[in-house]
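Okay, so chain A shows up in both of these, paired with chain B first and chain C after.
After this line comes the complex of A and B, so read on.
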């Protein structure tokens, strides 16, 4: 793999793609957190007429300058964001409509120019097209250096204004109250977005550019709750997608011709899918596990509650398995095993014994159940006969803080709406 | 000298007045309740003082100086709805935001600030939640975290927008105790409040507001039946209507 960084032909596309994806991942995080991800999409499309104009100018001047189309891209993108703001502020147009308007009209104008040169200037046409879907493989060292400089500028700028940016995104009103001009911060965010678009369109093309602004941020958000980590992870994921995009498209090139840009996007999407399954916070897998263990705990607690009730009815702590099995209405053995492991019941040949600690927990569950019933009847004015199902669910989730709150709110009730005693609070 | 002095404050939303020519001054060390019906402009008053909404006219002075020079000495606790709760930030980081005016740009947060943030969290009984993401808190805990951020700022004036709306008993007690403590330290607190039953218990001063300033003064003098009635009875619909007409006609729009 190391030759991707040393090979004279491969190194520029590899490093160039990685840089652009790193930058896009980093910068895109801000627009995603602002809940304005579509701005990236609009800005990348809006850059295209600038690219086309730049290429035409370069052609007219007979120069082979890579910089002209990129400057064009930046200018036309900035014009795009200016128009979006104008439409929203002055004409009260919904921001999604304004975004679509700018995206489509800029892109449309560019496409008109593109097709007009198709037959008369085939070389120019091909060059223009390379910015449409991207052409990572033909990047040169000059571009890499340019990207490096732009990345440096963006990262320094962002880090300098990191604290105000953070405050503005999370709490815009507070930001203003402490004297931050939030519109300046928004402009800063859009300016760095434009720069990252400029860096990115050569590899990814204007059509797919926004994916790298959005995917890494959305993916890393699944893993962490800290902004610093989100930013780092998004940059890293961007970089990895950039590398693997180049890697896979090159490795497979002898069999099929997969273009690099789309391959990068596919990699970024794969990272997202993997995260959506395996992230501990929101991943499908862990969610299923947590759901399963919660349901299991509910069944165990229901059994414990039943045992506690039996012990109150019979004034005993030992019961026959058959009797409990008959009353429990669900499979007994699995939850019983779990309770035994926790030391809340003891099992003999044919009987179950509730231990003192099991008694304590059972009492607590009954207590929460009845407290909740009192709350529903007295505080929410729910009919007495309708409170049971809700209490069946709440008894498993009421936290000690909510319990205390209920106690105070209901001024320490001793009986539930069905005249059953509420066991007192005990330290468990 | 008054802690907060507001002169001729007028605010329009969509061409209709929300606040109209408000003048008042609040002495230092009072706990002021802002009371009035829905749509009376209570939240807007706080925002207008801070310059968060465009004002038609008016000016504010803090300790005799224009507000723009005194931003660091006003702490604001917005309504819970105004905040993006999904934002990836922990409670501790949220509280550290309050130190913004002391260190504006990227520098590692100093140990002193960090210790102070923990201290502020301790005051609101939230120390053990410092590493939680802010959406993982109950409503009351969120409110307390926001109060901790305001404390972090170490201001002399505190503006709170309905901090007691929909919070639990514990939170209500903690917040009120804290505000009383602030007032004892000669700080000034203005708080939008909706529960008329608690006004006499909680506040030393009350500001009755319904688009116009109805009354301001010590609770015993101002929080009286006739004045409360006046606050809740006033209707500014006509004012609204004419103001709208004036501005649409003024802009050359067609009025049927």
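After this line comes the complex of A and C, so read on.
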């Protein structure tokens, strides 16, 4: 794997793609957090006429300059964002329409220029087309150095304005109050986005560029909320996707060829899918586990509540299994086993006994249920007959702190709205 | 056949068109369509279809979904080609895109399938994982598009089909494309007329529509389906990205001139037709005078963009 960095043919594309994706991941974080993810999409498409014009100018001047199309890309991309802002602010066009309009119109203009060289300069035409989906393999050391410089510029620019950027992202109203010009910060962010697009179109192409502005940022957002960490993680994920994209496209291309740009996107998407499943906070897997264990606890507590109510009704602690099974609507055995393990019930042949500690817990649940009913009736003015379903859910959720607050707020009630006694508070 | 438009300038083009149209109306002998007329017809049909649907996309603020759709049609189309090849080619014949035109049914299923998949995935990522909708759109369509490119490149060893799909080729149109464009035009107009009331209501007042028992969600899917069907007709002629300009710009122009939905739809159709006419004539003019074959679709999009800029400038003055 190390020869990807040492091999003279491979090293420039590898390092170039990694740099480009690092920068895109870093810069994209800002637009994703500002909820303007699709501006990058419009900007990367808007750079295409600049690329085409740059290539034509380079051809007319007879120079083999790789810089001219990139300068063209930056200029037309900037024009694109200027038009978008103008349409949205001055002409009150919906922002999505403005983005789509600029994206498609710039592409149309690009096609007019593109078609003008189609018959006369076929090689130039093919080179222009290569900017559509990118051609990582053709990157040279000169370009890598250029990317390094641009990355440096972007990073210093961001660090200099880090505080205002962070404030604008996290709290726009506060930003306004302390006199930060929001529009300037937005323009700064779009400017660095344009730079990252310029760096990226060689390896990813104008069509796929926007994906690297979005994927790493959204992926790292699944893991953490701290801006610094999101930025670091997004840069890292971008870089890794860049490397593995080149790696996979190189290793897999034998009989059939796998293009680098799309492979980079697929890598970034794989990182996203893995994070979407396994991230501890928002991941599908852990969310499902949390949901399952909560539901399990609810069933257990409902059973405990039923046992407690039975014991109050009959003034006994021992019940036959059949009777409980009849009154408990769900399946009995799984929650019963769990309660037994916790030492709240004891089970004999075909009878269930509620232990003193089980009794305590059951009382606590009933107490929370009835407290909540009182609260709903007195403070939310809900009808007596309609409070039960809400209390059924809340009895599993109320924490001791909330319990105490309710207690104080309702000045220690002793009966619930249905005239049933509320058990007193006990230390469990 | 000799093309009567050969060497025409911009105004001569319209002259020839007018003469041939009058001839067509009075003479009983069947006339053959010239290449320019074929292009013109297909483009006019497409632009009217796109303008009609685009009106709803713009009003419902769904144009970025249209953008997503126009990209994700690639894997759908590629799979349609593959399926056609699988079912209709003799065993052992090498797979070749360029000699194949899958029947319309395959394209239809491919395009509808990919658009619904796109919608579904975006909905899943946005609500299932609590990710902002615009980020979800950006992720899903670039991923599906990348997969489409990989599929194409792996099968044909060049990304040419992908580029063709993005840019279209007006000169490669055939009579088959014309009948496809007709079919799509008629179907679109029919569906829009039938579903006019719910579309109208959900576009302007989703809440009231909901009270009337009309599901906004279903109408979103309907608009998306219409968009994807129109994209099938468009991708060979103008490419999916320029189709987007056909979809968005005429309604945006119309929106600055009127506030009524019917007027807006009519004006955007008219704008589309005029832009197509001017574009085809201009492309012929440039070919005759400068010997330069420019992309007709690109020219039309440029004309539309300039028209929009002009309208903005004028209406600004009026307001000021």
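Basically, the second predicted complex is superposed on the first by the 417 of 428 C-alpha atoms of A that agree within 3 Å, B and C clash if a C-alpha of one lies under 4 Å from a C-alpha of the other, contacts with A are read in each partner's own complex, and residues count from 1 in each chain.
Just so we're on the same page, a residue touches a chain if its C-beta (ideal position, glycine included) is under 8 Å from a C-beta of that chain, and two chains touch if they have at least 3 such contacts.
A quick note: this is a predicted structure, and the numbers were derived from the prediction, not measured.
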Touched partner set for A:312, first chain B, second chain C, both or neither: neither
Which superposed partner A:408 touches (first chain B, second chain C, both, neither): first
Chain B versus chain C as contact partner of A:75, first or second or both or neither: neither
First, second, both or neither for A:179, with chain B first and chain C second: first
Which of chain B and chain C A:88 touches, first, second, both or neither: neither
When both partners are placed on the shared chain, which of chain B and chain C touches more of chain A: C
Contacts of A:57 with chain B and chain C, given as first, second, both or neither: neither
Touching both chain C and chain B, counted on chain A across the two superposed complexes: 35, 221
Residues of chain B defined as touching chain A within the complex: 47, 50-52, 68, 71-72, 74, 76, 78, 82-84, 87-90, 93-94, 97, 100-101, 103-106, 133, 138, 149, 153, 168-170
Of chain A, residues touching chain C in the complex: 32, 35-38, 40-41, 45, 87, 90-91, 93-94, 96-97, 99-101, 103-105, 107-112, 114-116, 118-119, 129, 132-133, 207-208, 210-211, 213-215, 217-218, 221-222, 256-259, 261-263, 265-266, 269, 272, 276, 282, 284
Residues on chain A engaged by chain B in the complex (per definition of touch): 33, 35, 159-164, 166-167, 169-174, 176-180, 221, 224-227, 229-230, 401, 404-405, 408-409
Chain C residues touching chain A - in the complex, by the definition given at the top: 58, 61-64, 66-67, 71, 125, 128-132, 134-135, 137-139, 142-143, 145-147, 149-150, 153-155, 157, 159, 162-163, 166-167, 239, 241-242, 244-245, 247-249, 252, 256, 292-295, 297-302, 304-305, 308, 312, 316
